[in-house]
Amino acid sequence: MRFDEAYSGNIFIASQQDYKESQAVLYGMPMDFTVSFRPGSRFGPARIREVSLGLEEYSPYLDRHLEQVNYHDAGDIPLPFGNAGRSLEMIGEFVAKLLQENKFPLGLGGEHLVSWPIIQEMYKKYPDLAIIHMDAHTDLREEYEGEPLSHSTPIRKVCNLIGPQNVYSFGIRSGMREEFQYAAESGMHLYKFDVVEPLKNVLPSLAGRPVYVTIDIDVLDPSAAPGTGTAEAGGITSKELLQAIHLIAGSELNVVGADIVEVAPAYDPSEQTQIVAAKLVREILLGWVK
Amino acid sequence: MRFDEAYSGNIFIASQQDYKESQAVLYGMPMDFTVSFRPGSRFGPARIREVSLGLEEYSPYLDRHLEQVNYHDAGDIPLPFGNAGRSLEMIGEFVAKLLQENKFPLGLGGEHLVSWPIIQEMYKKYPDLAIIHMDAHTDLREEYEGEPLSHSTPIRKVCNLIGPQNVYSFGIRSGMREEFQYAAESGMHLYKFDVVEPLKNVLPSLAGRPVYVTIDIDVLDPSAAPGTGTAEAGGITSKELLQAIHLIAGSELNVVGADIVEVAPAYDPSEQTQIVAAKLVREILLGWVK
Amino acid sequence: MRFDEAYSGNIFIASQQDYKESQAVLYGMPMDFTVSFRPGSRFGPARIREVSLGLEEYSPYLDRHLEQVNYHDAGDIPLPFGNAGRSLEMIGEFVAKLLQENKFPLGLGGEHLVSWPIIQEMYKKYPDLAIIHMDAHTDLREEYEGEPLSHSTPIRKVCNLIGPQNVYSFGIRSGMREEFQYAAESGMHLYKFDVVEPLKNVLPSLAGRPVYVTIDIDVLDPSAAPGTGTAEAGGITSKELLQAIHLIAGSELNVVGADIVEVAPAYDPSEQTQIVAAKLVREILLGWVK
Amino acid sequence: MRFDEAYSGNIFIASQQDYKESQAVLYGMPMDFTVSFRPGSRFGPARIREVSLGLEEYSPYLDRHLEQVNYHDAGDIPLPFGNAGRSLEMIGEFVAKLLQENKFPLGLGGEHLVSWPIIQEMYKKYPDLAIIHMDAHTDLREEYEGEPLSHSTPIRKVCNLIGPQNVYSFGIRSGMREEFQYAAESGMHLYKFDVVEPLKNVLPSLAGRPVYVTIDIDVLDPSAAPGTGTAEAGGITSKELLQAIHLIAGSELNVVGADIVEVAPAYDPSEQTQIVAAKLVREILLGWVK
Amino acid sequence: MRFDEAYSGNIFIASQQDYKESQAVLYGMPMDFTVSFRPGSRFGPARIREVSLGLEEYSPYLDRHLEQVNYHDAGDIPLPFGNAGRSLEMIGEFVAKLLQENKFPLGLGGEHLVSWPIIQEMYKKYPDLAIIHMDAHTDLREEYEGEPLSHSTPIRKVCNLIGPQNVYSFGIRSGMREEFQYAAESGMHLYKFDVVEPLKNVLPSLAGRPVYVTIDIDVLDPSAAPGTGTAEAGGITSKELLQAIHLIAGSELNVVGADIVEVAPAYDPSEQTQIVAAKLVREILLGWVK
Amino acid sequence: MRFDEAYSGNIFIASQQDYKESQAVLYGMPMDFTVSFRPGSRFGPARIREVSLGLEEYSPYLDRHLEQVNYHDAGDIPLPFGNAGRSLEMIGEFVAKLLQENKFPLGLGGEHLVSWPIIQEMYKKYPDLAIIHMDAHTDLREEYEGEPLSHSTPIRKVCNLIGPQNVYSFGIRSGMREEFQYAAESGMHLYKFDVVEPLKNVLPSLAGRPVYVTIDIDVLDPSAAPGTGTAEAGGITSKELLQAIHLIAGSELNVVGADIVEVAPAYDPSEQTQIVAAKLVREILLGWVK
């Protein structure tokens, strides 16, 4: 007997109580176990839901209302604290179920490693999958401190799985020299510093393709998203990130799922990081779920 | 499809997944709508659950382990934001159901007004109910700013319902003159400033009685519980409050339910208020649920 | 015997002690009683005054010095805590007095509802009044949770009073569908997302008109003004808002009063929200009081 | 035209509007210019007033109500920022006026140096003045970093002025070796670590004497008063400090004035330091003003 | 060319520049890599040094002055971030060197695991070593989440090394059932909840023995030390902990080294945790180094 | 015996242990003694080093790696707390030594006054020195509150020393009228509000000149650098400031030294101010040290 009805504090605004009828499912992945510098993203999903109460259900950007999208907030996956391996398995199993039932998965991290099992499942269903990746960091390491399961490695794993030529990274402004070399030599598409302009150029070439979009909140400048583990100066504004979401919404892409990761509320007493993330959730639901 | 399994972040430690078999049920009441000075207790239940991860499941005070108590964390009741009247109704309905199924209700506030519908249901089941009330404030107003549904009124309502002679308040150090006069004249039992000593004196007289215990976290000194709406200097220590819980645990009382209210995490960046509250929850489960 | 002399902590820099000789009067409206999500704007005026000590009295934007404007900081109107109705009356009475004595009223909120009684008085004096409204939110609701006196309703009330065709809103990026529909159908002028460009277009048409300007600090992006009750991502920068003030300063408008509202310092430990608000106060005094 | 009426935000609760009829006057001294380690006490008085709204006007300790004391909150003395010498002069002038008009002065600091000009004026009026000083620190230096006007020197100055044998310090737990030597050799009365027990012993000997009481909030343990410039572990609880105030209230002393200093709110996001200080103000008004 | 002179910000007050002549050496161990719940103690040593500037060099408790102790602050051992194994080795090597040169090692953590290599070296030098351990937690696990190198295991390791009958734990109020069973059955000395009284009883039996003292700051109640990884309600006051240090100072023990661990400043914006820790450092230097 | 090896917490990433072989030397100047409004920049250098751990050693902007620059982090100069005059002397002596040994000095403040002794030494070595100054404030006062050694005066002193025609200020948006008049009349080059565009125009004229660059972090908008003593709205973004550094890196200038000042971490719980400052340090090392 856990409460299932929509509630402002624990459930994202306008969530539908009925899972079966829903087109999209919002779910949290409260995991930050591989992060040693500034952990805390395991509280991201809960805090994003909390501040959603301050949002309207209508978007003046898209002229759409959340009542036009039948989505269900499933809460957080009950990941075992400290156990990264089992947590990734559980995320994979959950997403596999969603995909089987033709739901649009919209995940909230948690650290960026949570995207890895999701994309594995996505790829099983969509063999011609492409990835749009917005981030400050390359996340292309093969391992971190000797550990292949790290928040610094997920995009490299994805490249290995689906082919680097199917991976498009935007807004990147930090990484090891070797990571940038890999990007340059492997054929993946890495756009430094900016998001909107390169995205405009890329979108036509992806028309009709199934695309999964993973957004690390630190693609934003620290001024707009201070609550994250590895804030990196020189990023984009929230206006630009909203514009990127709307560009994709207006494109020919077949967006088949998405996630927003690395919101770590403890570093942001103003709550603005979760506030912008909540708005991104709404715009993605309204713009990408069709 | 909300997740039901125990999870460190969203569910109190050692919660049993199965509601039906449980002896006790933990539930949250995220309501702070009648508080204008320093609101924020609607986030209390969620934050108490979060920090429970830092607790052990075993109590060296009671030499008992949470596996010896079959309890279920039901999450937060989905109270409608801003609607105090409907929220109180929903709390009453939920507690009525628990009582019908012979569960021990352990509620987490939220503002103190949430205790009012609980005690109404308790009284229906236990006509000889007594109340133990630990608080810095009398909460004996008839109304607050013209409003009878206020966080300053619940104990007065309780006195009117079950008779002031059945109400025992401890640790009180703030109130209007009229409230203290009411206490003195009505026959209720109000003990100023201290908890442990007067409690020792009172407990024998309540032996065998069904007793509901309501703990406003501000009975603690602000040094031990800064995260509350109306902190009041001159309170007791957390050692003393633990001792009070253990005194009750070792008494002949028939404790039939309890709540902990007014944890408002925003005023306490150190999280110590929710940390002490989580420990109280554990000790109550281990000491009072039999 | 309250102290009347200018003091850095309690009075805005360069305030003149003599009310009678002053051209403009700065006053605070410490009211946030209709706000339930994140209250705290009742502390806005006091905190804006405090940080004014960090400002220079000279503006390199306008090449003017506060000694060229004879203004008086009257402190906060002593609004009764929790009583919204009486508070609005007191604000109206105070502004009526200022207008009778030909002072330029510059008000500091408090929640946005405080603008409503001000504009009522303004309209009595200036029947051809126009309103410039900079805000993230439409504020066009007819009621909020059944309550017509709400921080979500003031601009709708203004439209009803002075005619929607005389109301110009800028920077709007949040509201209910019905509010945007009302804006579109009623003839009011609502400019989404941006401020500077639409303002440039509008200003010539208002030449010579008496105009009251109300600035909700949340028109700024949360990165520039995190200390506000309902921060909304995707806003303008402080550079743009300063530019808007300077555009009006350089226009043919007859600005007859202004307010800055919704500064809620508790959400911004960096104090940058009150810091930008204090600078806006200075630029308004230097640019609009003539 | 500054507002004179009692207002919850800017004026301490229950302040009477009429200065002339008042018995006691509350006033702030927003000065922290000689503090280099952790300044910020210039915001103490304003913050103490703000939180007074959370207090009741009735004391269950003394069974008295603020309506039984006719007192007036005069606001903050407009001290010139950065100018310690002139600030001390202004404090002296203000207190001289209060004493001339037979008011009980209750001052709020600001740093401890503000007590110096007050006590100078007190001594002019009461040549047999004694001082009760509650503090963590001796404050007996002759100078600090070569500067005789320092927050570390006021009690030494007082000893020189009125004679060390008339100075009683309680709760002291920090100072230079030379300061403790001075205390031991000069004949002043310095009680280390504790307040309540030595005070009980001292009070009879001061019966009938005019006594000024200066309370540095850091006499409290940092757990009870973290918001102060030089917090010092090992202090007393707020219960003990309240008890000390009540002991004095019940004694034969002729308390002729008092101050509470060194509340520096920036170090205490929980606001508990100003909360305890506000309660001390109420208890002093109710217990010492006769 | 690193600066070697005493400086208020980077070096503890009154540190002597000359290592060779020093009797005692203060050193930091900035390691928190095995902590997943609330890390951050790697910043403890630096913050303790910073606030030492607010301390006097003289202790009125012991009537001694730091100039009477020739000690040297060696800064932090440059532990490799994220590498617990190598870090422990480096700590061991450093302490071995200190012991060889007959210095009294006073270590600042960092997580509690840092005590393990220190005690290994101590035991090599002093085969009849006894341990005094003040802590909220037993720290007697054999492993934590499958990992033998954890902040929950150091005291168990110590028991295995030097024999449980030589280990004395005080103030313990949290642990697994198995840990308390181990304590009861193994012959180690575990005193629950309190420190001062059991310590008084134990000290005579340790007269003349070489004793190493390890203090986990969380032995203090969270009200006195909120800045720690696993705060546990119901602890002792800073007055009691100071008393414990002075009891040892006045005893016949041969204290041969000490550490203070688990200060995690991020959870304590008031800085009171590092403030009390800095005072403990001073009292230990003055009372235990002979 | 202070530790000399590179360590993540106390030493900037990738610092070389060997001073003698180093081309550049990073050093801190922990001084904020002349600042009365919001002090705290004495903690800037330590906090910038701490967060450097979150940076990569490679710059994708410049395609260079810190291993290509042999630099040494010398720690903080041990400035005597509260003694501004002696502190400035010590800074001068230290920089003189660096210049004698042909090191590139990269200083971290501390308040802006620390640049004054540096530039004096620079001018002795480079008689044709030019200054690039990025700041929100003119810093051109002759004195501040009667004190010539103030954080508001360093650039005026520099103008007097090397001639105003050799001083180039960018991003200025605050100052006294007299300061702007001085700038206009003296022949110095003051560019208001912007940095990038005027810098592009100026750089060619400085080709081949020895240039010292002093960056006050408050040239950034408070949204990007809230942690500073006198935040001033309307500033540039971190993207623009990075671009300015890269413009200089790609120019014909002979940069002979630099500093970054006024990082005051206490006002920025998000740490973003030190995070951007640490990135500036890396880019300066990679771009300007040749």
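So that you can tell them apart, the chains are marked A, B, C, D, E and F in the order they are listed, and the count of residues begins at 1 in each.
As a convention for this text, a residue touches a chain if its C-beta (ideal position, glycine included) is under 8 Å from a C-beta of that chain, and two chains touch if they have at least 3 such contacts.
Just so we're clear, the structure is a prediction, and the values are computed from it rather than from any experiment.
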Q: Return the chain whose centre of C-alpha atoms lies at maximal distance from the corresponding centre of subunit E.
A: C
Q) Measuring from the mean C-alpha position of subunit C to the mean C-alpha position of subunit F, what distance in angstrom results? A) 38
Q | Rounded Å distance, subunit B centre to subunit F centre (Cα mean) | A | 55
Q.
With centres defined as the mean C-alpha position, give me the subunit B-subunit C separation in Å.
A. 43
Q.
Quick check: what residues of subunit C touch more than one other chain, meaning two or more?
A. 53, 81, 221, 223-224, 269
Q) Line, ring, star, complete or other: which one describes how these chains touch? A) other
Q. Name the touching chain pairs, would you?
A. A-B, A-C, A-E, A-F, B-C, B-D, B-E, C-D, C-F, D-E, D-F, E-F
(Q) For a test of understanding, state which residues of subunit E touch subunit F in their complex under the given definition. (A) 1-11, 19, 30, 42-43, 46, 50, 53, 72, 74-81, 269
Q. Which residues of subunit B touch subunit E in the complex?
A. 53-58, 60-61, 65, 221, 223-224, 237-239, 242, 269-272, 275-276, 279
Q: Quick one: which bits of subunit C touch subunit A in the complex? Just the residue numbers, please.
A: 37-38, 172-177, 180, 192-193, 221-224, 226-227, 230-235, 267-269
Q: Would you mind writing out the residues of subunit A in touch with subunit E in their complex?
A: 33, 36, 39, 81-83, 145
